[in-house]
Structure formats: structure tokens, C-alpha cells
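The data blocks that follow each hold one structure.
Below are two complexes that have subunit A in common, paired first with subunit B and then with subunit C.
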Partner chain A sequence: MIHLLSATVHQITPEGIIDRYPNSYNHFVLPFVIGITFILIYLFIGLIRILYHLSGEDRIKLLKSLFNPKTAWKNIKDIFCDCLLHTKIWKRKPLLGYMHSAIAFGWFLLIVVGHIEVWLFAPRHLSGLTEGSLYYPIFYRFFIWINPAHETLRGSVFFFIMDFLLLYVLSGIGLAMFKRVRSIALGMRHTTKPSLADRIALYCLWLIFPLRLLAEGFTADLSGGGFLTRPLNWVFRAFFGNELNFLPTWWAYSICLGLFFIAMPFSRYMHILTEPLLILFRNAGLKVRHPRKGFAEAEIYACSSCGLCLDACPMNAQKKNLKYSSVYFIRFLRRHNKKKTKEIAEKCLMCGKCYALCPVGVNSPAIRRAIRETQNNSINCNYSYLDTYAGKAAEVLSDKTRGKILYFAGCMSHLTPKIIKSMETILQASGQEYEFMDRNEGICCGRPLMLAGRTDAARKTIEANTKIIKDSGCTILLLSCPICLKIFKEEYSLKGIEVIHYTQFIDRLIKEGKLKVSKSSSAIVYHDPCELGRGCGIYEEPRNVLRAVAELKKASKEKDESICCGYSLGTLTLDEKDKAKIAESSVSSLMAEDPEEIVTACPMCYRAIRSKAEVPVKDFAEIVCERIENNDKN
Partner chain B sequence: MKNNILVIGGGPAGLEASSILSRMGYNVILAEKEKLLGGHLAKWDRLFPDQVPAKEVLNDMLGRMDGVKCFTETKVNSINLLENSYNAMLSNGITVLADAVLLASGFDLFKAEKKEEYGYGIYEGVLTNADLEKAFQEGKKSSPAPRAIGFVHCVGSRDEKAGNPACSKVCCATAVKQAIETKELYPEADVYCFYMDLRMFGRHYEDLYLRAQKSGIRFIRGRVSEVAETAEGRLLVKAEDTLSSKPLKVTLDRLVLMAGMRPSKTGHDVGRQLNLSIEDDGFFSAKDGLQNLQKSKLPGFFYAGACTGPKTLPDTLHEARSAAMEIDRYIKENFRK
Partner chain C sequence: MIDFGFSVSPSSRINLDNADKEKFARLAIAEPDVLKCMACGSCTASCTAGAFEDTSLRRAILSLQNGLSDDASKLLSHCMLCGKCTMVCPRGINTRHLILSIQKIYSL
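So, the complex of A and B:
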């Protein structure tokens, strides 16, 4: 109140601001200056390294993307939402989101508003290094003296804003400390074990803001202050009397900042600076080509080690297997521990949940695949028979398939003949003209090979299948296996042919009135297969259909949080018992609302869940088939 | 006063042990969940290696059952250990206070529909070993006669993915026996056996195998990968011939799945109430695997037969007899001082 009154009475120009130190220098700034210099040099070298390891093609792609207004806008938006506001965490766990945004966005604003303040009131200190522009805006409150009689409204607004922002950050830090003690309160069951550098950086980070509050509190009678620092100053004066006590606090503040910056490159906090780079790379459409260098390096350093993937990872069905989660995988990658990274890369189910839930969007499954790619070069198989086979198969199909649907069941549907039988019944009942691409034999879609890192072999099967499909002249390629669907969508170039999963296709048939189904009162739950949901983003079509045939219940984790059935083709080394444990945890999530039946839309999931569930398990096509209304009642 | 002994399960092990214990002078109460005594034996037509009719063997056993109180269609609803005896409530309302209990719950056949790639329950021509025995018992003969018939060994056995890495011990000999019988029934038909390796370990088993080969049964070393239906409704079986290292396709009319042995579900229901330990394979764990096969970790609680793992019929009968001896010794040591 006093400020406001004095401000209105006295002049508005900031003439009351005087540098307390003629050179605007004091020894206490040294730790900070050393720290910030170190981190800037480190960042510069790191950036050059990463750019150097990108392929030439990728560098051009990146450069082009920076000048494309659409991607540029997306870059800005993503950096603002993901790095500062942490909207992804907000959406899932509001309290955790608040904590992250308070620290990140609050700190960011403190720096920005602090600089604006200096730019307005002491602009010469931003003009060059000689005037201490590296540290001056950070320690602004130390260096100045403001005649209380000359305080302006503009100045008081800044006092208020800065104190408010400090409070905002402090609330985040408070939550962070609380999280260390009780993580579950913020919605996390498991958290990561911090490394030594993580600890140093963490404790510095915790101390920086309380120390800033103390330091600015000590000087608030000289530099001026807002609703936090000013009362603090009164308290201090009442207790300590001599205002010269404050120098050690400023030293401590500076040391913590310096130490934080020095520990940063070796700690998880490197993600703060790497994430924007990752966003630029991702938006430019770059892909992981090497498991450790270039794009992968940006991903590795962008990992915030927050541990959200620990709760996400299906391996958490057993505590001993938590070590296979992405966060530890990335940590071992960062430390160049080849033995461990290979082990984890091969163990992973590649269900993609860690990637889907990662607040930073680190695509660790892609890095795992890149590692697998480097491991399997010794196996040489002969695929020469594929060409002759494809030629023959194409000949058989080409005349009769033109303009029709081509149904490809794939290896896994062949192991679950009920799916194929149901599919044929549905196609016939809805009067569809179709041909069966692999009734007696067929070529693998290539996805299992791709997942195993055997890209070249996968390319061969892709080539052969592409020939058969293109020569057939079909207009729609219908698939009943989401494992096939994913690779057909991502790696095949089938222009003019619609690649469609049976869940989408049946949904369409029902909507167009070509297939009539009746609704039963039985309660069912739907399991989202990894390859269909997180892999291809198909969540709603199967649910639309299931709601039309039964009462659809919810699983405790579903859609992009669905728990892998455990029998994914993605894992190369996970043993049967571990798979069974994961299947059990998947089933227990599905049983949350006591459904009478479980339905899924993937032959692998179907087999896995059926081996563990107490209630009947049905394939999507099977349940639709049971509910087809007989059209030919005459 | 006669000591009460409760025998759970009325298959070969339960029957054999009951008749012996009854002759030893004990008061034996036998609980069998099914309508008829005999367990799987009652559902079998002939037994390997000598093709003795199962009915004869079973009738011999039943003939010795005088004096045993048999309750059929009766389950053990609850059982608990009192100070030194067991209190069991049976589903027929009777409560038994037994000084010793013999668990002879045997096995369940692996549910062949779990190996969906073989098409059991989906294609008409696919049946299990038990289905075939039933058809033999009923004297059914298909017409027209099947032209080609296959036997798949190790269905749900030695198969980690099916949840059972162990061998079921009896299926190889059973498959060879059934193949011979099928060939005898349909001499014109081609009969195939798809095996991993033939475990013909018992006396006369090899003779049976030789007889099968001589009668023209073809043995293919390799697992069946999948079964599909042809347009004519026959079965297209894909397998691998690992001796010639080539994939193989045959069209059959009938495919018999040699479903293996899994632990009995009713046995588990009893075990759970007494906290009996179960090994990784799902079967009960004996006190030790060499000297105390019939004993459990509980005093006065004994095992016989396939509840502690797959066994042949002679093995089961031996165990039943040793269990009777162990029980007799236990009662004498603990109740008659």
C-alpha cells in the first residue's frame, strides 16, 4: 500500500535507481559465471556434435523445416507447450503437471521478466559483457539501490510480478520435495533412482529458489521488493540487525546456480536444454538411424528421467523387471553400456506405451530397434524363392481380384482359424466380393523381421507382397492382424489401395447398413492391442462396433494406456514366465468392471489373454459374427 | 476301533489303494466327483502296450472294492487338519473325520482347443485321443471311411507356450497304439504320426512301434504348425519334416490330437485348502522326489498317481500300493501305541 501511494505521489521515471557497486561486480558472482560459461560451451560443442552425426539428407531436411512457416509455428507451439507448460503431464496427472510447469515456466518467466526489468531500468547492463550482462540481470537486486522516495508504479509492478513468480516456482519446488517422500500422492507408483550427478543437480535446484528468496529478502530494503521479500526483510532486520549479513546468502545462491549448471550435463536436467532440439528434429521428420549418435543422442539427452515410463512399462508386473524400462535403458545408453543396452533392447516388448506416455516424446522403441539392427547382421537367409513365389501368386490372383477386396489373414490369423472363419462369414453375409490372398500359403508381412531389426530381410518380403497386391488390382487390402496392419501402413507403398483393418471395415459395413447386427445384454470389455491402438491410432472403430453388439465396459487401463498382453512379437528374449506375469496383469486390468467376456482384435493378444482369463475370450470378428442378424428370412 | 481313511479320487490310484487299505482292516471312504468310478481308465477302450481292454482291468479293480464306502458324484467341499486328524465335509452332506487322507486326484487332459492352430472345436475332423477312445468304445466306424488320418504327438506337452514344458509320458505309446488300431479299422487309409521324438521307454513299447511301422504307418518327425480347412471340408495340415528339412503339406480327413496331462483342477481345490505346495509344472510336490514320493509336507496326508506328475497306469498302481503301505505304517506309529 505504501509503495502504491508513494508511486502515485512521486515521479514515474526510474531515476531513483543507483548502482551500489561502481563496477557492478562482486566476487560472489564468480561461481555463477563459471557455471554458465561452462554450460554454454558444453551446449555449443554438443550441438555441433549432434549436427555432425546427422546424415546430410537429415541436415537439409532440418534446415528446410526451420524455414517452413507451418513447421516453424508447430516448433514454437510445441516448445512452449511441452518444455514450459508441460501440457502432456497436465492432461494425465494434473498435480504433477502443475509441479513441472511451476518450475519450468516459472523459472523461464523469472529470467525473462528479470531481463525486461533490467532492460527497462538499467539498460546499459545488457549492452555488452563489460557491463556484466552475463550475471547482472540474475543478481540485479544485489547491485542496485532504489531510493524508496522515488519508487515508481512501474517498478512496484515488477516487484510484485517477480515475487509472485518466485512464489510460483517455490510452490513447484515444494511439491517436488514432497514427491521425493511420497511419489504416489502425485500419481506415480515407481520413481527412478537418481544418479550422483542427478542428486547434486537436484539438491542445487531445490536450494536455488529458497536461497534467492533469502538473498532478495536480505536486500529488499535497499533494492526494493514485493509482497514476499519486503516482509522477509523486516523479519531479518528484527533478528539480525546488521544488513551486511546478506553477502553469504548471495554467495550461496550463486554457488548453487553455478554448481547446478556444472552438474547439468551429467544429470537428468540436461533434458531442459535438449528437449527443444528434439522437438525441432521431430517436427522436421527425422528418424533414428544410429542407436547412439545424431538424433538418438538428442533423444537420450532429452530424457528427463522422470520415470513416468516405469509405471507405464508392462514389465512392472514384476519389480525385478523394472530395470528393462525406457528410463534405465536411456541411462545405460548415455553411459555407453553396450552390454546392458543390448540386453534391454532385446528384452523389450516394443508395445510403445513408454513412447505414448513420455512427456518428452522420447521414441525409445525406435532406438531399441536400431540396436537390434546392429546385432543381427550375422544371420544370412536365402530369400530368393520369394520372387518366383510372388510371381505365381500374382498370376493366380490377378484376373479375379480386379476391383475387389483382397483379404490377407497373415501368419497369426492362420494360427487362430476362428478369426478367418468369422471373417469369411462376415464378408459373405454383407455381400462383399473378395479374394483370399493367403488361404493356403502366403508371405510374412515383414513386421516380425522389422521388429527384430532385420530390416533387409523385411524389405524382401515387403517387395514380394507388394508385387502380389499391386498385380491383383484390388482396391482394398483387408487385414485381420494389426501386426500386419502397422507395417502395411508404414513401410509398403500401395498407392490407390486402401489398407484397412477389419475393425474399421466392419464399423464401416455397419454404418453403411451392409451388415446388420443385434445387440445382446452381455457385458464385454475390449483389449486394445498395442499394434492397433498405439501402433496405428485405432481406438474408436472397434468400440463403435462393440457398443452395437453388447454392453461395453471399461478396463482400468485402456486406449493408449492399455497394458500389453505380454506375448508381443516385439520381444526377442523375454521368457515364458515373465510373459505370463504380464498377461496376468493385462487381464486383471481388463476385469476391472467384471465383464462376462473379453474381446480383442489381434490374434496374438487373443491367444495370450485366453491363456490367462477366467472368462471367455473372443476375437472381434467372432463376436460380430455371433450377432449377425439373419437377412435371408423368407 | 477301525481308523478312518479318506481317499480322494476314484481313478486307478484311488481304487487300488482303497481296496488294499480296506483289506488291511481300515475303514476306507472314497470320494469320486464323477458318476462312475474308474477315472480316465473308464473312458479308455484298450491299453498299451498289449491292447488289453481297459474294461477288464477296471472290472478287476472294482471287484476288489467290497468294504470300501464309495461316494460318487461327491466332491470334497472343505478339508482341514485338526490336532492329528482331518475333518472333511463332502458335497453329499457327510462329514468325515479321517486319520489319514490319500489324494489320488490324477490329471485333467490338456484342453486341446487352447492350441487353436490345430482347429479342435473349429473343424469337424479334429478330435483328441480321448474322443478317439470313446469312438472305439462305442464301436463307431465312419462311412465313408477316412482316406487319411494324422496323429499329432505332444499337444500341450513339451510346449512352453502352452504352459507345459514337461513330457506327459504316455502319449507316444498311446498315439502308436491308436494309430495301429485306426489302421486296423481302416486298412486302406494313410496314417501319419507327427512326433518330436518317440519316447518308447517301457517294456514292449518298441515292439509296438515296430509293429506300427510294419503296418505302414508313416512317422514324420516334426511338429504340425497349423491346420486349415480345404474347400471340400478336408483338413490341410502344415508341418515340417525335420529329417528332410522341408516344409510339408498333407490333406487329411481326421486329425487326432494327443492331449497331454495337466494337473487336476479338483485336486487343486483340495490342495488350496490345506496349503499344499505345488511345483512350477502345476503338480503337487512330494516331500522328496526319491524316497518319500507318497508323502506330503503334512502328517497323514499322502499322494498316489498322477497328482504328482504324469504317470503310466503301472506306475500309478505301484504308487497306490506304496501309499497304502505308507498309510498303514503311519497309522501304526501314531495311533496304536
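So, the complex of A and C:
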């Protein structure tokens, strides 16, 4: 063995590899060269266009983020995990994750290792644009002849790696074909209907790797091969005899590659190249400003049409509403179909589930809001009364609230007085000093206007509320409505004031020992309101508290997969019947483990779920209130 | 004018010829729920903006039916789209979209 090794080491010279074609060219490379040239030019123009449509401020933000070591590291990590390994899909559906990563990561490695191979054995083909550097590494095996007597260990290692990677990709492709036939097997109820360009690109993609296997199999006796290609070569030789049969397969391989690249910009596979750009934009903190240009364009082309948002969308409780899902919305956006995109944008509940579950992180609710803004922002309104009100309210609160908690119930809590009453009981029992901002009259937080695309109008209510809150001198702004919470966190600038939801606040009171509660044996389930869970990322605090007061059961879909109650203020055009259907599906998910009571932490969800549930429904504050043990409870 | 201590109220007669039927038809297509209102007034009773200014969806719908579209626009111009009226409407009317549609179709 040692003897053998030293013998091979002796022979590691590039001379063992001989060019079969003196100028390293054969006509079959043309389709590939045309395809790759087209896609490179297309990419370049597309990139310039997107950057051109970003606002100047955003461009500077982007540039800065690229040179910030922290974001730069995050960029690399995200691109690696999301674009190549597809960790997000792995986490939810392992088999589907394997499929995506096998194709993406496998293909990536094939390209990288292929180039390393060429760099080691035929380096002159990588220098500049001479001697076929565009296509040579791809078709390397065609152009060389290796004297079997001169085969090196280093060469064999590469043969093995390349064949192994090819097998890895092929296993992914096999799963993809299987998925087309039976999507349920990979954990998806609905898959998207592919468009024509999608189909062309898809079939090319399916063919590329089997053809590569065939092509390299045919040439394995000349170029050498690994555990896949060499046995294949023996079989071929036994059947076909004449090895010159192989040129047509190399042609077919090249045509498939070329066709794939040409179909790419018109198909879903554009996501492969756009996703890294979207990651850079997102990590730079850019926001959607225009429904179709700049950032939105990057989002649109980054969508892989994977269809995971179909199963996610609560509107799919009825099959007829599948057409409003994000994947179709984005497809219409790509085709500039204004009528359809407007219709879909107005339907959406803005529950954010498609965004939360999207493996690419396409923020389609933000694009929908941008479309609504183009429609509704110009509506005239007469908000002069807001200033008068804000002035008066600020005067009333300003002295007595300094350093205290300011409780803002919001419009919706006022429709459910139980919540307000329970909140006041809890605050008093735990000895908190507070003032009530909108006990008798109050104005809206602005979130419903924002969701409807009336940004300028929303700014006016935000301004008025900000004045009252700031002038009051409070240190904590306590909210019982997640809809308010979302906009207070996102759009208000209240420096020095802690904005907190009552679920977080009560959790804190219990942890600090200021509120004592007793545990009952009744089985309850908690419904995650969209704006609180996906909107503000609050999942654990309410559960901590509920575990302290009752037996907490699980819903079949919960946390970021929770199903919207259907009555979200996000939708503009969804009608009562559709909303009721969504509420039913939300309730049936909650009833998975037969709880005796349902608890939620949003006045909107409370009313919606109560209308459909057969068990009692309680608000979060209400159930805590029932179990207070403090002696001074009144 | 001499102040007699009383005045003659203006005529409240409605001239339906002034009603823009085409606009109302467009509204009924944009939001068919407008035809479902039974003028119960729950929306007005719960209205957030109503605490400050004269705001009433019920009266806005009636005004539109009577061809008084300017009155309707005025009655909704203070609305903050808070959605309380949607929650209380016994007919399940999509009031927020109705308000938006009225504001867009009858913009002054």
C-alpha cells in the first residue's frame, strides 16, 4: 500500500491529463454559452434597475450595511442557511427541506468542486476569458483524456466527490418529481399550478442532472469516473459498443442547461438568484415603499412559488379563496396585473402567517399595504378635532400621571367592558398606581387606518396620541389590545416610555410576587392573536401566566402557525360569511385537545371566537382576575 | 333681517332627481352591503369619532339613498376606520369597506 501511494504521488502532474480537443472547443457548448450569457446580462440589468428604484436614503443604508461587520456576517450566514441549506424548510418539513437543500447545496458544491478540479488539473482554462473559461469547467470531462495508467489518487478523490454530489442532487430531483405527483407525501396539502415558463424550466431542471450522469457515464472510460459513472460506462459499452454515441448526450445536456437559463427570468427559478439580494436588503433594514419597484421587486422575484403560503393562509378554509394566497398575488404582481393585485391586496386579513412561514421571507402583507396606500391614501378626511381633544386630554392627565402607569384600552376594548373591568381589578389588587387614558373618550391608535393604506391619516391620530402620552409623563404605557400594541411599537416614537401588553405586564406582576394567583384544574387553550404573536413576537408571557392559573392544553396550530380568528381589521373586502368560516376553522384548531375553556388576549379575537365556540370563551385578564389570591382584592 | 325670535325651517323636501343614481350603482357594486342596512343605529351608537364630531354611518347611508351625497361625505369625514361599527352591526355589514367606498366614490 505504501509502495502504491508513493508511486501515485510521483505521478501527480498535470501531464497525466491530455486535451482531447486541441482548442478545447466543440459546437455542443453553444446552447450553454448562449444561455449563460443571456442570464448574466439579464441579471446585470435587473440589478441596476432595482438599485435605481431604491430611494437615495435606502441606497446609503444598504451600502453602510455591507461594510458593517455584524450585518456582513449575518448576510453570509443567512445566505448560506436560507439559500443553500434551506434550514427554515428543514425545521418544518424535513423531507421537503432535504429536497431543497439537495438540489441547491448539491448543485452549488458541484459547481465549486468542479472549478477546483479544473483549477488543479487544467488551470489555464480558468484564466481570463480565454480558452473556454465560461464553459470549460462545466464540460471538463468531455474535453480531457486521462491515461488510465496515470490516474492519480488526487484525481480519484475528485471523481468520488463529484459522483457523490451528483447522487446527492439526483436524490433531490427524484423527490421533486415525486412531489409533483403526490404532494401530500411531503407534507403539503396544496401545491401551485406552474406557468409555461415554470414548466419549461422545471423539466429542464429535472433533465439536467440525469443527462449529466449519462454524458459523464459515456465518457468515463476516457476522462475517468467514480462509483456512478464508471459502472454506467461498462453497461453502455456492453449495450452500445461504439463510444462515439456520447456526443448527442453532451448536446442534450448543454441544451437543457441553456434552455434553463433562458427560461429562468420568466419562471419561478429566478428566486435562486434574487434571494441573496433580498437577504442583503432585509438585513440592511429596508422597507417596502412602492408596491412594485425597488425592494418590492426583489421580494417578488425572490418568491420561489413553493406554495407553502397556500396551506398557511387562513382564507384557504374555503377552497375558492385559495386564489388570494400570496403565491398567486406575487405571480400577478410579476405580470403587472393591476386589477387582480388590487383585488387580492384588499382581501387579505394581514394576519402575517404567510410571511412568518415563507421560507424566503417574502413580506407580501407589506406589499399589499403599499398597494392599498396607492388606492386610499389620498382620501380626504377632517381630523381637526384630534388636536382639540389631545390638548384637553393632555391637560387633564399631565399632573397626576407623572411616573405612573398609563392604561390605554383602545376602541375595541371599549366594546368588551369586561376586559377593562378585569384590568382595573388586577391593577388595584397588585397595588399599581395608574391613570386611564381613554376612560370616557379616546381616539383610535391609527393601526386600522394604517392597514387600510391611509398612512397620512394614521399619522394624524399617532401625533395626537403621542402628545397626550408624552405630556402625561407616564413611564409605562399599558395596552390591552394587540392591534394598538403593534402600531405603538412600530410607528410611535415614545422615548423613555415602556410600551407593554397586559399579558407581559401580568406575567411580570406574578414573577415579582405582586400578584398572587391560584391554579384551578380546568383545561384551557390559548389562542395566539395575530398582532400579538406574529405581529409582536409575544408567545411565552401569556402562556406562563395561563400555566399558573389552569391546565394549559395545545391547539393543533399555535404560536406562529396560529389561525387568524377571521375578524381581523386587516381585511377590507372579505365578507361576513368568509370571516365566519375562518373563525370556525380557528376554533376547530383550538378544540384539538378538548379544552373546557378558550382564552385569548385580544378583544377582536374574543368576540370572533365567542361567536363560534361551543365552550366558554374568556379574555386573558378575565381569567387571571378570577384567580387572584391577593388579600386586598376588592 | 328682523329677528322675530323664531324662524322658518328650510324645506326638507328631497328632490330625488338630484340623486346620482350612477354613483350609487357603483357603490352597490363596490360594496353590496350598502343595501343591507336597516338603519338600526348601532354603528352610530358605538362610533369612536362620534364622541367628538357628528359622525353617523346610519345617517350617511340614508342621505345617499335620498340623494344628499354631500351630507353623507361630511358625516363620514371624521371616521378613523376603527372598526367598532363592523363589530356591532347586526346585519354583518362590512362597514369599513363601505365607508372607504363612499369616501372614494363621492369624494367632493
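Here is the rule we use: the second predicted complex is superposed on the first by the 617 of 634 C-alpha atoms of A that agree within 3 Å, B and C clash if a C-alpha of one lies under 4 Å from a C-alpha of the other, contacts with A are read in each partner's own complex, and residues count from 1 in each chain.
The rule is simple: a residue touches a chain if its C-beta (ideal position, glycine included) is under 8 Å from a C-beta of that chain, and two chains touch if they have at least 3 such contacts.
Owing to the predicted nature of the structure, the values given are computational and were not obtained by experimental measurement.
**Student:** Superpose on subunit A as described above, then tell me if subunit B and subunit C fit or clash.
**Tutor:** Subunit B and subunit C clash in the superposed model.
**Student:** Is A:454 touching anything from subunit B or subunit C once the two structures are fitted on A? First, second, both or neither.
**Tutor:** Second partner only, subunit C.
**Student:** May I ask you to decide whether A:573 touches subunit B, subunit C, both, or neither, giving the answer as first, second, both or neither?
**Tutor:** second
**Student:** When the two structures are overlaid on chain A, which partner does A:415 contact: first (subunit B), second (subunit C), both, or neither?
**Tutor:** Both: A:415 reaches subunit B and subunit C.
**Student:** With the two structures laid over each other on chain A, which partner does A:439 touch: subunit B (first), subunit C (second), both, or neither?
**Tutor:** first
**Student:** On the A-aligned overlay, A:473 touches which partner chain: subunit B = first, subunit C = second, or both, or neither?
**Tutor:** neither
**Student:** With both complexes superposed on chain A, which partner does A:610 reach: first (subunit B), second (subunit C), both or neither?
**Tutor:** A:610: touches subunit B, not subunit C.
**Student:** Of subunit B and subunit C, which one contacts the greater number of residues in subunit A?
**Tutor:** Of subunit B and subunit C, the partner in contact with more residues of subunit A is C.
**Student:** Touch check for A:382: first (subunit B), second (subunit C), both, or neither?
**Tutor:** A:382 contacts subunit C only, not subunit B.
**Student:** Name the stretch of subunit B, from among 39-47, 93-101, 201-209 or 219-227, that runs into subunit C once the two structures are superposed.
**Tutor:** For subunit B, the listed stretch overlapping subunit C after superposition is 219-227.
**Student:** Where on subunit A do the contacts from subunit B and from subunit C line up?
**Tutor:** Shared contact residues on subunit A (touching subunit B in one complex, subunit C in the other): 414-415, 576, 607.
**Student:** Using the touch rule from the top, collect the residues of subunit A that touch subunit B in their complex.
**Tutor:** Residues 414-418, 420-421, 439-440, 576, 580, 607, 610-611 of subunit A touch subunit B in their complex.
**Student:** Within the complex, which stretch of subunit C touches subunit A?
**Tutor:** Against subunit A, subunit C makes touches at 31, 33, 46, 48-49, 51-53, 77-84, 87-88, 92-94, 96-97, 100, 103-104, 107-108.
**Student:** Using the touch definition up top, name the residues of subunit B that touch subunit A in the complex.
**Tutor:** 114, 116-117, 119, 122-123, 160-161, 163, 226-229, 236, 249
**Student:** State the interface residues of subunit A toward subunit C in the complex, per the touch definition above.
**Tutor:** Residues in contact with subunit C: 346, 375-376, 379-383, 385, 388-389, 411-412, 414-415, 441-444, 446, 448-449, 452, 454, 457, 461, 567, 569, 572-576, 604, 607.
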